[in-house]
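Take a look at this one; I'll ask things after.
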């Protein structure tokens, strides 16, 4: 019988390790002046350097170095007083020089940490993720596998290469092993990547779009029998490209490895590929012989030796840390911790903050973004901010506060904006969504309701205020929800002598 | 220095992506033996207290500003390609994933 | 005006409009036509491009535009530097038919200086060799004796000068590839300080050793060309961001009084041909007559230079040459639709690379591989430190160092091609310079008594003090010229058909 996650985690203790590759959002590439626009026509952003043509030489992008230092500082790393590029030698058609210019034993930042918080059974719990290194390298080109039935690499007839991405600066952030996460390993992994992404976004050094590949995560995972204190053989799952996938990849690997170990099989140290569709991993092509990367110092580049002055100047530009910002906003908005966490987890903190900056009430902003809009976004499997703009949401909330819209009407306005019917004002006028505030029309509906439920009306007259609910409901129904419920209540109670 | 075997040379040829016939491997392992014997002399003076030199002239922090400069035209970029299609370099099927 | 004049003289005649750049280029093409079937210095002639450049220079001159000193003078370019649209092969089958889409910085500077690039010269494949026998396109022959090698890897450039096919040439020097060919053809060649001339567009053999440099028949011509191609290049991270020393003024000064000249003890003795040592000593005696002070210096680690070089250069080349994989440029072998990219790379590299290149790639792959790195590549880098220290100590005591450039005169084609170690010994005196990144010049100092073949005199300068080589070289050249009564190349046998 195979083990499920709970059974697996009962018997085995997972150890995590995470390697995150981040494409920096520099204007030009790591070692040449080619542009880095995403989605450009194939091979329009290439030159002798990034095509690896004979004779071409690299020159390091200063901004890429500075971004890397900023990342290191934000992750509490030491900035190496001396760092160097090396060549990592292996052949692959999407890598123009057949070596990757990368940092090896002399990375630019070392020994940092990042604290991440997850919801545990005992409330919020903080895990410290130690960072081993932050280093600079370059991205590869992209291959398109043509022919064959699957459209995948296997069975393709030939491949087409576009080197626009080749040479885009990458920063690789590698954690030390993360022990003792227990059953929370999947959440910790996810929270780490999310926190890292927030930091990178705050630093404005990357677009951090996982779906476009500007942030890619490799998950290393091993299991050891619970309480053994051992370190098992690890697998490396490559290119896990969404936060949800990070969580799935970790839990999936825990179950897969536990079942192997359970049935007496060994874990093979291997690279596995995450399959986005199924959430499973499949082994990469096993190599008969180990690669030997033959690293050596890149002779075409000189050492990077940042002095304290340079580092201090960069330190001054560091933005507020996401965790500090959270605390500050929580107190400014006076929202409960739980709601704050919910906003962060939903990755809507920035959005809510922008909405509040446009005059919206923080509580309403939170509830609209995390409630109705997120619900629709989930249904459609898109990102909330792609559905509707911050400006539109702020306008809607402001209209609610001014009594121009009820919550129910506002939902229709949101629907209309999402459906592309225009701005909130345009939707309101096109759909005729105005709060019924005409007392005469309301009084007519109230009288009708009383006539229809004379017993209920009598109870209210007798002092049973809560009974008014049924009458208010009837009025709201009769007005198609366009009435302001508070107003209805006020008029009704007055009419019934309360 | 220990002898370098034909199998070792075959593995080096694999790492270096060079197809080699048995005759080439035989010949080369013999030559490697001789050459390695000669170059191993560096070990006589390479003591632990000597730092390595990777660059003849010591210079640090050579960088360029993050400025975009025009790329090659796709025609120029692809001009040397043995094969191309759809403005991309056309290469034989890529087996295995890095 | 004759093709036997110096570049400086040609430049003067051009300036005085005694000859046009087009006429001068055509005279050289006529000479190439006449002798290159025997010499085989050139792999490709770019007549259309050269004549267009010559014509544009003539027009500018006619219009009274200010031109740089060598404008209109022809030049032969080693086929290891890329020139936009002009075939660049590096002497390898791998690059047959490749036309680079860009210019090397050196090429761009030559074009800016109005220099007329006649064509691309032969070389050992990817600059690996000391005889130009390793070219996939057949060997170059030494104009002094067509059965002999012209040195290497830049044998084509040196032979073109010695055969009066061009008054100027560009070479590249990783372990002696400018200087040793200069020595065996009685021409002048300079390996500038590492970083003095941009490597951008120089197809890399060994990045930390490669350096492009000027070749010519006189010290002054070499200096003028040096001045035209040197200087900081933002496209080369290892290029030196300092003013180029005034090498032209140094070449003209011809005064070495009081200069301290060090003779490196280790660069003589066993392995050095008698006639080579004799001519070297005669030249030293000339310098003494000119008032230089001679000091003997010891550089004990030089004896490890060859071993270090044959680890560092192959290691770097194993990585530099990985890009030749048939995916983006160059030839492709075996792509019949059934094979994967990996197999096609393997087959292409089997066919595209010659024996010496494969030998060095395998050696370098070994030296860098895990388990061997420290013993080989790592140790070689330490030796490099020791050699630099030897130079530093020697330059404390003297202004320049001197030695024979090559231990022997030109050997017969085929004589050493089966013995890589014997071949490698050719560079024993030139390699320390590359390992330390300092400057090195070779100029002719006579003909060896036993074979009547040219002997080269090497001058080494501290890094960024390249002018000192020209100072000593210019003075020595003048002294020897007056001693011989005519330029040394006038002692060479006349090539059949030569103009």
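Descriptive notes on the structure:
Going by the order they are written in, the chains are A, B and C; count residues from 1 in each one.
Convention: a contact is a pair of C-beta atoms (placed from the backbone, for glycine too) under 8 Å apart; a residue touches a chain by one contact, two chains touch by 3 or more.
Only a predicted model underlies this, so the values are computations on that prediction, with no experimental measurement involved.
Sorting all chain pairs by how many C-beta pairs they have in contact places B-C at the top.
Comparing chain C-alpha centroids with the centroid of the full set of protein C-alpha atoms picks out B as the closest. Measuring from the averaged C-alpha position of chain A to that of chain C gives a distance of 57 Å.
Between the Cα centres of chain B and chain C there is a gap of 24 Å.
One finds 39 Å separating the Cα centroids of chain A and chain B.
For chain A, the set of residues that touch two or more other chains comprises 47-48, 51, 53, 59-60, 91, 93, 98, 157-159, 161, 163, 292, 294, 296, 299, 301-302.
Shared interface positions of chain C, i.e. residues touching 2 or more other chains, are given as 98, 100-102, 208, 234, 237-238, 318, 322, 325, 327-329, 337, 341-342, 345, 365, 369.
Looking at chain B, residues 15, 17, 54-55, 59, 62, 64, 72, 77, 80, 89, 91-96 sit in touch with two or more other chains.
In the complex of the two chains, the chain A residues touching chain B come out as 26-28, 32-35, 41-48, 51, 53, 59-65, 90-95, 98, 140, 143-145, 153-154, 156-163, 273, 284-285, 287, 289, 292, 294, 296-297, 299, 301-306.
In the complex of the two chains, the chain C residues touching chain A come out as 81-82, 88, 90, 95, 98, 100-102, 104, 199-204, 206-208, 234-238, 315-316, 318-319, 322-325, 327-329, 337, 341-342, 345, 365, 368-370, 373, 377. Across the complex, chain C is touched by residues 4, 8-9, 12-13, 15-20, 24, 28, 31-32, 34-36, 38-47, 50-57, 59, 62, 64, 72, 76-77, 79-83, 89, 91-96 of chain B.
The touching residues of chain A, when paired with chain C in their complex, are 47-48, 51-60, 87, 89, 91, 93, 96-99, 157-159, 161, 163, 292, 294-296, 299-302.
Taken together, the chain B residues at the contact with chain A in this complex read 11, 14-15, 17, 54-55, 59-72, 74, 77-78, 80, 85-98.
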